[in-house]
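Several structures are given next for inspection.
You will see chain A twice below: alongside chain B first, and alongside chain C after that.
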Partner chain A sequence: MSDLDKWVAQLRACRPIPEADVRELCHKARELLIEEGNVVTVNAPVTICGDIHGQFHDLMELFRVGGDVPDTNYLFMGDFVDRGFYSLESFLLLLCLKVRYPDRMTLIRGNHESRQITTVYGFYDECLRKYGSANVWRYCCDVFDYLALGAIVLGASNTLSPASESSAAQEYADMNLEVEVCNADGVSTFQFPRQSRSLTSSSDPQPRGSPNGSSSTAGHSSPATGNKTGPPGSGASGSSGGSVGNPAGAVLCVHGGLSPLIQTVDAIRLLDRKQEVPHEGAMCDLLWSDPDDIDGWGLSPRGAGFLFGADIVKEFNYKNDLSLIARAHQLVMEGFKEMFDASIVTVWSAPNYCYRCGNVAALLELSEDESGLGVFARSNGDVSRSDGGQEKGRPNGFDTLEGPARRYRVFQAAPQDSRGMPAKKPVADYFL
Partner chain B sequence: MAAPSIPNLLSLRGSRGIRGHGRGRGGHHGPGRGAASHDSTIQGTDTDAAVSRLSAVELGYLEDPFAQYFVSPDAQITRRLPIINRGTFVRTSALDRLVDQFLRQHVFGESALAGGQIQENVHNAQIISLGAGTDTRAFRLFTSKGRKWNQGRDVPPYELWRNSIVYHEIDFPRIVEKKLATVRQTSSLKEALPDPNLEQADGSWKSCGRPPNGSEFWCHGLDLRDLSRETDLPRLDGLRTDIPTLLISECCLCYLETSEASNVIKFFKDRIPQLGIVLYEPVKPDDPFGKQMVSNLAARGIRMPTLEVYKEPKDQEDRLRAAGWEVCCAYTVEKAWEEFILQDDQQRVDSLEGLDEVEEWKLLAGHYVIAWAHPSWDMGMRWDDNDMKYY
Partner chain C sequence: MSDLQRKLGKAKLKSAMGDNSLKEVDENEDGDQLSELREVVDDDSSSASSASSTGTIIPSPRQKLFARPEGIPRGRSLEQIPWTTYFERELFLKPPAPAQTDTTPAATPSVEITYHAYLTSPVGKGPLFVMHHGAGSSGLSFAVLSSEIRKRLPNAGVLALDARGHGSTTITSPKPGSIDLSLHTLSTDLYNVIQAAKTQMAWPELPPIILVGHSLGGAVVTDLASRGSLGPSLLGYAVLDVVEGSAMDALQSMQTYLSSRPAGFASLKDAIEWHVRSRTIRNAVSARTSVPGLLSDDGGNPTKPWVWKTDLAATQPFWEDWFVGLSKKFLGARGGKMLLLAGTDRLDTELTIGQMQGKYALQVFPEAGHFIHEDLPEKTAVALVDFHKRNDRSALVLPPKVSDLLAQGKRV
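Take a look at the complex of A and B:
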C-alpha cells in the first residue's frame, strides 16, 4: 500500500496522520495545485458540494450519498475547515483524495481557508490541540494559498441521468427533468420537468420550510410524487428554449460570489491568487460576497465582500456564456437555494451546521451531456455563444442560457457515533 | 495555548488580549437524574453566562471590570465565537438600556425631579433580579461613571444621581454564598458593595456599609419556587412594596415550571403596585433550529418548560398582559440589535471581530426574546419612545 493509500485509510477512520506525513502530503498537494489555474476546468458529470466545516462524520455521509471517490467526480467549493470538531481530518482527507485522484477531485478556496479566519473559528486551535504545535496549521495554510479560486463546469447536460442504477436511462431522458430532488437513499422526492418559458410565472421562489411554498412551480404536476409544487429551494425556471439533449451553458463555481472588480471569468484567471485572502479586492470578493434581493451592489453585513442582485448575476452570466453560478458560503436550511430565475444557486453541505442549526445539507449533481455538442459551450468568453436560436427578451434584456438539469441530493447529519469513529459529544453554545 | 504571533481577525483595528484559545469545555453535568441534579445543572448555567460575559468583555464588546472575578482562573475556555459575543453584548446592552430608562424616570433623569420628590438618602426605586447568579449589573450601577447615550439622555455618573435605589438579587443559596465569598475576597467588588455581611443561614447577605451612591444591596439565597407556595413564604428582607420597582429575569424563570414562573411574577405583582418587568428567554422551539436547541440542551440535562408554552415573541407579550400589565413589548435579540443598539456601537462591534456567521446570527438571535412591560402610561414608569430608537 502506498503512503497515500495508507493516509487515506487512516483519515477515513477519522484519525490524524503524523506531523511529518502532513508535511509531505501538503508538499505534494502544493506541487499539484500550483499547476492549476485560478479557474479550473471540470467536465461533467460532476457532483458539486458546499461548505463542510470540519464536520467529518457528515462528510462521510456525503460520500455515502453522493458516491465514493474516485467513482464520483467531486467539486468542493471551499470552507473545509473551522467550526466543526474535525477540520483537520476533513481537510487532510480531501487533500489526500485530491493528490491520489487529481482528476476526480476539485477543491477551490473558501473564505475560511485563511490564516486569519482559522485563528478565530477553530482550525488553528484544533491543530494546536491535536499536535501540540502550530506546524500542521502552517502547512495547511500554505496549501490554502494555492487552492484555485473557481471552477468552470463544461459539458453538463440539460437532461438528467437516472438517479439510481435501477432506473432506465431512456425513461429518465423522456421525463425531461430540469430539477430533481432526492433524499439520502436516492429516492426521488420532487421532480420538476423543464417547462416552456411561457408557463413560468414567478421568477424567484424560495419556499422556506414548507414544500408547498413554491410559487413558480405550482400547477405543474410531478410524475414521481404527484405533488403539485416544486421542491423547496428550487427556482426551477423553465428557462428552456432548446430541445432535449442539447448541452447546457457552462457553470461557474466559486465559494462566495461575484465582485464589482470582475466582469469576466478571464479576469479571475489574471489574479495573483497565491497569497493569504486579502481584506478587500477581487479575490476577497469572490470568496466573501453573497447574492441578495437588491439592485446592483450593496454592502455586506459580513464586513468583507459585497451583496449583489439579480441584474448583476444575469449580466455576468450573459457576458460569460454561463447558464448558472454555483456557490456556497451561506447556510440555507434546505441545503440548496436557487435564486434569480435559477441563474445562481447556493449549495450547503454541512448538515445541522455547528451541531446547532438543525438544517439539512445538499449536493448538486450535473449529468454529462452525451450529445457531443458540448464543444460549443466549451469556453466562456472566447468561443461562440450557444444561445443561437433562442429568443432574447429575458428580464432586463439579458438572455439566459439554458441551464443544466440539476439533481440535488439532500441529506441529514450523520449520527455522531456512527461507523465506530471517535465522536465527541457535540456541545453547542447558547445564550444561557 | 495563547499564540501572540497569530493575528486576530480584523486585528488591524487592534483588540485586547485573549485569555486562551482552547475551545474545549468542561464542567457539564450529564442528563439530570432527579430534581436535585437538575437544580445543580441549572445552577451550572450561571457559569455559561459568566464565561460568555467575560469573553465579551475581554474582546472589547462590553465594558465591565467586574466580570473577571466570577470566572475561575483555570476555566477551560474564556473565548466565545463572535456570534455568541455579539449576542451577549446585545442582551446585556438591551437590558442595561431598559434599566437606564427606569432609573432615569425615578432616580436621575429630568422626570425624577417632577413632583418635587427629591430627597437625599431616600430610595426612590427598586430593582429585583431573579436568578442573578454572578451577574455584575449591581456592581456596574453602583460605581457607574456614567454612560454616553445621546444628547441630554446620558446616564450620569452615580455621584450625580438625585436619588438612590434598593437592589435585590435572588438565587439558590449555593450561588449567593459563592458570590458573597467572591465579593469578600476582592477589593474592587467590596468597594462597590462595602461590608458584605452574612445575614441568614440560607446564605442571604447584604452590603452593610453604604454602596457609593447611597443605595442598598440585598442578596437572597432561596429557591424561587418557594415564592410560588401558598403558605410559609420565605421572607425577603428589605423588600419595599411602596416604590417603583423593576423585576428582571435574565434567563432564569425559563427554568421553572410555567405555573411556578407565573406564581413568582404574581408574588411581586400582588405586593408591589408600581411594578415593571423585563424578561429574557428563548423562543421558537418548533422550527428546525429550535428543535435542535431543545435537544442539545436536553443532552446537557437542561429543560426550559416555559419555552414550550411561550413559543413566539408574541406569546411573551401576551404572557405579560395576562399577568396584569397593559403595555407590553417583545423584541427578539436580532431586532434588539437593529433597534436598541446605537449606530456607533453597532459599528464599533462590527469592527471587533467581524461576523462571518450572518445567517447563523439571524437564526440564533431570532430565538431569544427580550420582553418588558410597565404598569401604565401614567403611573410614572414610562419608556420614552424617543429613547428606545437608535440614532
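Take a look at the complex of A and C:
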C-alpha cells in the first residue's frame, strides 16, 4: 500500500495523519496544482459540489450519495474548511484524493481558503488543537494559494443518464428531461422536461415542500407542467438537442461569482492567483460576489465582492458561450437554487450547516454527452455558434443557451451518532 | 574561568534579565506608560556599561538590581482621563415639545428629561458616527474609539449619548427608580438626541449617519434603523457583540453575574483597577476613560462611596424586550449592516444563515472581551471606517448597468 493510499484510508476514518505526512502531502499537492491554470478544464461527466465547511461526516454522506472516488468525478467549489469540527480531516482527505486521482478530482478556491479567514472561523484553532502547533495550518494555507480560481466543464450532455441502474436508459432519453431532483437514495422526486424558454414560468425549478421527502408519487410524471414539449430539434423544444454537435454549452464553476473587472473567462486566466485572497479586485470578487435580483452591479452587504443581476449573468454567458454558471458561497435551505432563467445555479453541500441551520444539501451531476461527436460547438473560446453566427432574436437582450441536463441529488446530514462532537462552549456571562 | 569572565557573564545575565522584565512590563502596560519604560532601559544600559568598564557589580539603589520586575503597582497609572481629551464638546439636549404622538402616552407627560451627549462635529460632508452604549455603560465607552476613528477619517464626527438612567443624562420620574427603559423609548430617545443635536449645532441637514450600538445599544440602533425615521441620511448600522439568541441564553445567568460585581468602590482608582483586573475592560486607557462615567459618589457608605449610577438588576423587566426580534430586525432593516463579535460561537441560527447568505458583514475579534470597542479601539475603528467607506454613497461608483448601455446603443 502506498503512502497515499494509507493516508486516504486513515483520513476516511476521520483520523488526522502525522504532521510530517501532511507536509509531504501538501508539497505534492502544490506541485500538482501549480501546473493547473487559473481556470481548470474539466470534461463531463462530473459531479459539482458546493461548500463543505469541515463537516466531515456529511462529506462521507456526500460520497455515499454521489458515488465514491474514483468511480465518480468530483469538482468541489471551495470552502472546505472552517465552522465545522473536522476542517482538517475534510480538507486533507480531499487533497489526498486530488493527489491520488488528479484527473478525477478538481478543487477550486473558496473565500475561506485564506489565512485571514481561517484564523477567525476555526481552521487555525483546529490545527493548533490537533497538532499543538500552527505548522499544519501553514502547510495548508500554502496549498490554498495554489488552488485554481474556477473551472470550465465541457462536453456535458443535454439529456440525462439514468439516476440509478434500475431505470431504463431509453425511458430517460424519451422524456427529454432538463432537470431532475433525486433524494439521497437515488429516487427521483421531481422532474422538469425541457421546454421552450418563452413558455417557462417555472424555469427555476424550486421544489416546494421538502425536496428530500419521499414523494415518490411524483414518479415519472411531470409535476411541473402538463405542457407537451416537442421532440428534440423541433421549435417547440427550444433546443437543438440531437442535432450536430453538443449544444449544451460550457459550464463555468467559481466559488462566488462574477466581477466587474472580468468580462471574459480568459481574463480570469490572466490573474496572478498565487497569493492570499486580496481585499478587493478581480480575484476577491470571484470568491466573494453573489447574484441578486437587481439590475446591474450592486454593493455586497458582505463587505467584499459585489452583487450582480440577471443582465450581468446573461451578458457574461452570452459573451463567453456559457450555458450555465455553477457557484457555491451562499447557504440555500433547499440545497440548490437556479436563478435568472437557469443561467446561474447555487449549489450548497453542507447539510444542517454549523450543525444547526436545518438545511439540506445538494450536489449537481452533469452527465457525459454520448453522441460520440466529441465536438464542443459552444465551448468557451469557440466563436462559431451553431447558427453560423447569425444574429439571434434577443428578447431579453441576450439569447441564453439551453443549459445542460442537470440532476440534483439532495441529501441530509449524516446521522448524529456517527460523530463525536466537541462540547459546546459556555455562553458569554455578560451580555447587556 | 577567570574572575573577569565570571563578572562579565554575570553582567550579561543581568542585562538579559533586565530585558526580560522589560518585556513583561511591556505586555502588561498596553503601551500607555512609555516614559516610564524608557527609565528602565536607561538603568540597564548604564549598569551594563559600568560592568563592562569597571567590572564591579555592586547593587546600588539606583540600579535596583534586586528589585522585583516592574509590575502593576508602580508602572500602571490608574488615573482617570477626562472626556475633554476625546470630544470637542458636551451637549445638554431637551426632547422636542411633547406634541409627538408616537411615544408611550403614559410616560411622556410627567417625565422631565435632559439628554447628555458628547459630540465631535463632522467636518464638511463628513459622516457622523452615532454611538449608543450598552446597559450600565455610558457614552464615554466610545471615547477612545472616537479618537481612533478620527485618526483614520479626520472629517468624521462622533455623537455619543448617555441613555436615560445612565451617565449624565438626567431624568425626573414620578416614582424614583422606575425609569421606562423599553426598547421603543430608548430608540425614540436616540432619534430625539440626533434631531436636537442638529438643531443645536445648526446643521442645515442631517449628515450621513452610521449608527453604532454596543450590546443593548446594538438593539437600540437596530430598532431605530428598522423604523426608518432617519430616512436616507442613514448609511448603515453596526452592532457590537450582541446577538439575539446568545443574549437570551445569557440572560438566565445575568443576575448571578451582577451579584458577583462589587457594589461600591473606595475610589475611582479602585473601580478602574477592578475593571482592568477582572478583564471586564482589557485596555487600561479605555478603562481610565470610561469607568468614571459609570459611578457616582453618593456619600452613603463612607468606606465605599462610589456606587454604580445604573442599577442593572432593576432593569431586568426590560431585558427580554430589548433582545426579542433583534436578529430579524437586523437582517430586515435598510442600510449597510455590520456585526462585530468577540467570538463566532455567539451567532444564533438566524444570523448564521443570514451570514452565509451574504446579508451582512461580519467581523470577529476573538482576542476581545464583551467591550470590543474598548478592548480593541484601533481594530474597531478600522472596521468602522472601512464599513463607512463601502457605504459612502458620495464616493460609490458602480459599473454601468447593461440595460443603460443597451439603451445608449452600445454593443455589450
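Things worth noting here:
The rule is short, and it goes like this: the second predicted complex is superposed on the first by the 353 of 432 C-alpha atoms of A that agree within 3 Å, B and C clash if a C-alpha of one lies under 4 Å from a C-alpha of the other, contacts with A are read in each partner's own complex, and residues count from 1 in each chain.
Basically, a residue touches a chain if its C-beta (ideal position, glycine included) is under 8 Å from a C-beta of that chain, and two chains touch if they have at least 3 such contacts.
No experiment lies behind these values; they were computed from the predicted model shown.
When the shared chain is aligned, chain B comes close enough to touch A:134, but chain C does not. Applying the stated contact rule after C-alpha superposition, one finds that A:299 touches chain C and leaves chain B untouched.
Looking at the shared chain after the overlay, A:357 reaches both chain B and chain C. When the two structures are aligned on the shared chain, A:87 is found in touch with neither chain B nor chain C. Contacts of A:331 after superposition on the shared chain: both chain B and chain C are touched.
Contacts of A:188 after superposition on the shared chain: neither chain B nor chain C is touched. Of the two partner chains placed around the shared chain by superposition, chain B and chain C are both touched by A:121.
Contacts of A:106 after superposition: neither chain B nor chain C is touched. Counting contacts by the rule stated earlier, residues 120-122, 290, 301-303, 330-331, 333, 353-354, 356-359, 425, 427-432 of chain A appear in both its interface with chain B and its interface with chain C.
Within the complex formed with chain C, the residues of chain A that make contact are 51, 83, 120-122, 260, 290, 295-303, 306, 311-312, 315, 329-331, 333, 353-354, 356-359, 397, 424-425, 427-432. Residue ranges on chain C touching chain A, taken from their complex, read 134-136, 215-216, 242, 246-247, 249-251, 253-254, 257, 280, 312, 315, 319, 336-338, 342-346, 349, 352-353, 356-364, 366, 370, 386-387, 390-391, 396, 398-404, 406, 412.
For chain B in complex with chain A, the residues that touch the partner chain are 1, 3, 6-12, 21-25, 28, 45, 48-49, 52, 80-82, 84, 87-88, 91, 251, 282, 287-293, 296-297, 299-300, 302, 333, 350-351, 353-356, 358-360, 363-364, 368.
Interface of chain A with chain B (complex): residues 111-112, 115-117, 119-122, 124-126, 128-129, 134, 209, 279, 290, 301-304, 330-333, 352-359, 425-432.
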